[in-house]
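Across the two complexes that follow, chain A remains constant while its partner is chain B and subsequently chain C.
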Partner chain A sequence: MSKQINVALIGNPNTGKTSVFNALTGLNQKVGNYPGITVEKKEGICKLPRGIKAHIIDLPGTYSLNASSLDENVVIELLLNKNDKDFPDVAVVVSDVENLKRNLLLFTQIKDLEIPTLLVINMADRMSYKGISLNIDYLEKHLETKIALISTRKNEGIENLKNLITNFKELPVTPCIDASKIDKDYFDNLRKAFPNQLLYKLWLVITQDVNFGKTDRNEIEAVANFKTKSKGDLKRLQQKETIKRYQFINNVLKKGQTIDITQAKDLRTKLDRILTHKIWGYIIFFIILLVIFQAIYDWSSVPMDFIDNVFASLSEWVKNMLPNGAFTNLLAEGIIPGLGGIIIFIPQIAFLFLFIAVLEESGYMSRVVFLMDRVMRRFGLSGKSVVPLISGTACAIPAIMATRNIENWKERLITILVTPFTTCSARLPVYLIIISLVIPEGHIFILSYQALTLMLLYLIGFGSAVSSAYILNKILKIKSKTFFVVEMPNYKLPMFKNVALTVIEKTKSFVFGAGKIILAISIVLWFLASYGPGEQFNNAETIVKLEYASQNIDEEDLQQKIASHKLEYSFIGLTGRAIEPVIRPLGYDWKIGIALISSFAAREVFVGTLATIYSVGSDEEETIKNRMASEINPILGGPLFTFASGISLLLFYAFAMQCMSTLAIVKKETNSWKWPILQLVIMTVFAYIVALIAFQFLK
Partner chain B sequence: MNTIIQNILVFTAMILAVSFLIKKFFWKKSKSKKACGGDGGCGCH
Partner chain C sequence: MQDTLAHLKRGEKGIITDVSSIHIPLKLLEMGCLPGNPVQLVQLAPFQDPMYLNINGTHLAIRKETASHILIEKIANE
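Let's look at the complex of A and B:
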């Protein structure tokens, strides 16, 4: 009579576990669901030597025995429950030769449950490409197991694996780690309370948030309630356990595995060697950034000019076609120029996200994260902080929310506080219009001054973020340690559909999210600029005519002076003039002051606001840029937007916390008003001082 | 007549705009789990 044994195939995702399952079972397999849940259950029969049959279960992929999903629960529950009909006689842990270190964490955990455990090292055919060599005898001795080196792709080593499974009774069940070394006192107490139970099993039950559906509940609940330590302390012990496991694995692999990167021959390794090189890696990243910013300028200039002209013509057309009156003026001078101020930036925003999506899709962005980790550590941040800082180029809100995966509170808080320095897409319209006004159009080699300035502003943003992180790391007295793990995906050609969807979604979000606010603010601003209190506003025409009665000026000039007088005494003019003393040292007039205030709702409102204010009372068909370029400084004379005032304005926007929504999300994420208020005050004061120095020095 | 209608339209637009801005920035919304960029938007722009 043939004997049947239970074999559980366990492993990290993407280790080729299912290929091993297929190689062992062939067509003798069936797929169903685990009772009560929708996790797929794959099982099959494999004929082994000596007439033994193996009932093989392909368990869901898991990185460790610390469950975080329903799939992983299935694995843990089976391994903890000896009464389960599928409880394995032997556990076969499938690992991938390229990620052996990470895969061995799960192996050591399963072995510590004192279940006979076999190690399968799959994808052996990749070893020569990767420059990997293994000392199997050494590994078997120190891991106290048998190892099957296989390649399912080439169908090599499967028979050896079957033989090893057949002889599973010869496998030692000694644990890799002595669980009591994690915390001696705690584990001594645990052993006293449950003398007949396996220590590591008890520890897993206590620390897991597992729904033990099939296990004996009374026994499990008694153990699970044994919590003489707080949740935080238990988490710390879990981390200590993981560190101890990796120390063990590192020691074993030091002599058991050799990776000679110079012998690696595959394309991915060759590319990685260059792209993550400690010098070339940074140079290539810098060149890619240069290309991106140059392309943003070169490729989008034609559609931008077209959009600008369309909106200028549309305003003119509305004024000519509709009956004269307040609402026609609101459309022509408020709504259309305000909307034009946002639509015009669609080409540049789309190109920026096109490049970001291509870098992400190709797998290069993960290399950037890895590369930057070396830099970030010096500033008290981890590699994980790079993701929020990079996504901050789109918007600080999701970037701050992305800090949730940083386990260490100090690093998370610092990342939250410095992320608003990164140049978000809302700053882009402000930068672009000011740069086009104050930076000349010349070139250095093939790079334009304007593109270089824009890149410099992005670097200033990133530089401010990391340097303030360095300061905060010194100031904040929170002690903690963290580890950085990033999985490098394979390089691949970006899929057109994915890239296109990212570009469309981001651009749509930018236009529709900002569009509604800008439309509303344009209406309010036009209203405030077109109405005013008191005699000076209501009798503007009479006052100006009287003032210029003795001078011989033509009708057009007179109308311009009346419009200017009305604007000055309108609601918005009075408000702007009230704040003018504060902003004048920075080189700004009251109109820029109004734009600064309104752009606190969203930075890009700045351009729309100026477009609206400058349009009021003007009959000429003009683009936004031309209107801003022709604006005269009321105090000094000459153009308002000079090199000095432009640089001052660029620096103010680079450093100031001009975003209401970011403050709200910081409050939400830190659960305190203390941090957003500190952020607002410090960033605004710093921005003011830098802008002041820049203007006074350059004027 | 034209002036009155145009003024009514202007004041209506102004009231709608102010109401929208108050609702957007000062009205306490129920918590949304949607991420930035989705239909819910993050309100950052």
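Let's look at the complex of A and C:
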């Protein structure tokens, strides 16, 4: 009995499916992608009784097996493909005790595919609170399944669920409904044409929206003696099927479930009265945003300063302990500062994902969608665009993927195009370090000037996203039907385990995903900065010594002069100085130019790049910030990072499209190179112009 | 003229009578927006749109445009 069984978790959104997944797998889970598409694939391992192991997949949430998005399509593709290595031995349908009726729709569809199916009824702890009682025996008998009544919040019923999974072979595979009754002639015809296939499976293949997936419908349409139906007719049949399913469910629940409304307590109404109020609703939303920014800036500065200092002294320590040589230099000047440039952002990224996870988990995010829809529509966006725009503050990549539940293609396209304007966490490090250099300390009320500047930058990002959406809405001529359906889930206290796992997972993927690029670039940069072609680099020592021979300068100064001469004539120095004429009007020197170029791999590389460039040739133990502060503008004299050049840089980073991964995602999601290229050109040119104007005005 | 969902005022209730219009997405039906089911308007966003509804125990929000295709019969509040 060492065989591993495949278990698929399926359920409506907001049923606590992911909590069940977390309860079963704990930390034994990983997040990847389905091959070829950007849908997140969550899988994990769970140890069952009798030494059996279960491989568990947490499928994307869906209301039915009629896909209307790429995410939902993943569910159908898997359930229809018996040869898939993940094809479930048992499907576990997760439902929520308060929405059992609606959740059962999906359950009946899966049963009709004749896959062994188990029903989980989650949130059992809320039953008495809502006045619900269930007759489990009756339900099991009439739904022809086994039921696990659980509460992930109270951690109850999980063992029972594991037992039921282990004994999946005892589950009946009889269908709930005979779908062929909705149009007898049509289904008879279908049966005749494909005698060996499961009828309901054929029906699902036929009715899937053509836009999705690889399910081969042509195969069915190619069979000569089978008459197809028009799209409108198929839709009517789907409606009929849905009504039939609800009739079945209503019949079962009539005896299997009783709800005593007088017992129900209604927190939702009270909270909604305030949170969706036409004035208070917006004020509360604004305050929540304010708290998030204060947290990201103020609260995370303590661990960040600590990390910065640790890495500075680590570099110094390595230099002192190891023998002199190229390897020591690579370690102390390339790798350690590069690593520091990654680790330092962990506190902020963790905070950001913490807030986003809490807002999602609590059910508040749907209220924001509801409140903002009318406002956003004016700009050609949807209320659902708010979620991508907010998660865009973490990273544009998941944000662009989150646009998938926007039903209207035009609204979705515009959201994809403008999302990169929102301030992502990769811009944050750039903002933070420049703000701390050029914006004075001090407070107005309890908010620091620096935090306010940061908030302003977020507002600029959001503002430019919204205004470019407005323009795009006027320019783009795309006709598409508007429809918009958003579930308003119950308010829930976020579960610590879920939030913690999200934060850990996202932070990990930042550190290892972006981190790899940052580290690689740091090493490449160190090489480019430490070596160079020609006389000027190789004989730097002689040249500088000659130059200063007549003057009386001490040894330390001389070493400094040699180092900076070397840097100037290294590979990186030559490249940087080649592009300097283009960026000088913005107030930058060639070193910033290098950082700008390397930022196209990932924006957060900026700080690491400067850290690497500045640390080459400097012997003192220094934090990144102090090194930047002591840079001198080669032409104007005075510090390089002034108010004017700082603001210019901030604005450049606010507008420029500097992220190759985002461009790749946009290409994937829009299925065309046209949109990402437009994004790249327009955003970057605009950024250049704004930064130019800002510097020329302020200098 | 027959009442539609878009005619409901805050707190008012009705029974859905017809959802055959092609402007109604299947997803809405799957969430329980079917003839015979009760519906109540819970809340309206500013500018009366979108509408926050309780359909047969499921809470959801849809735009007024879609709501205007769903035919209902108002019922008096008890």
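What we mean here is this: the second predicted complex is superposed on the first by the 431 of 699 C-alpha atoms of A that agree within 3 Å, B and C clash if a C-alpha of one lies under 4 Å from a C-alpha of the other, contacts with A are read in each partner's own complex, and residues count from 1 in each chain.
Everything that follows uses one rule, which is that contacts are C-beta pairs under 8 Å (C-beta built on N, C-alpha and C of every residue); 3 or more make two chains touch, one makes a residue touch a chain.
Nothing here was measured: the structure is a model prediction, and the numbers come from that model.
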item: Chain B versus chain C as contact partner of A:524, first or second or both or neither; value: first
item: Touched partner set for A:243, first chain B, second chain C, both or neither; value: second
item: Chain B versus chain C as contact partner of A:257, first or second or both or neither; value: neither
item: First (chain B), second (chain C), both or neither touched by A:180; value: neither
item: First (chain B), second (chain C), both or neither touched by A:538; value: neither
item: Contacts of A:374 with chain B and chain C, given as first, second, both or neither; value: second
item: Interface residues, chain B side, partner chain A - complex; value: 2-3, 5-7, 9-10, 13-14, 16-18, 20-21, 24-25, 35-38, 41-45
item: Touch list for chain A against partner chain C, complex; value: 63-64, 66, 68, 98-99, 101-102, 105, 232, 235-236, 238-239, 242-243, 246, 268-269, 272, 276, 278, 366, 369-371, 373-375, 383, 407, 481-490
item: Interfacial residue positions of chain A with respect to chain B in the complex; value: 323-328, 330, 394-398, 401, 424-426, 505-506, 509-510, 512-514, 516-517, 519-521, 523-524, 527, 601-602, 604, 659-662, 664-665
item: Complex contact set, residues of chain C against chain A; value: 19-20, 22-32, 34-35, 42-43, 45-47, 49-50, 52, 56-63, 65-66
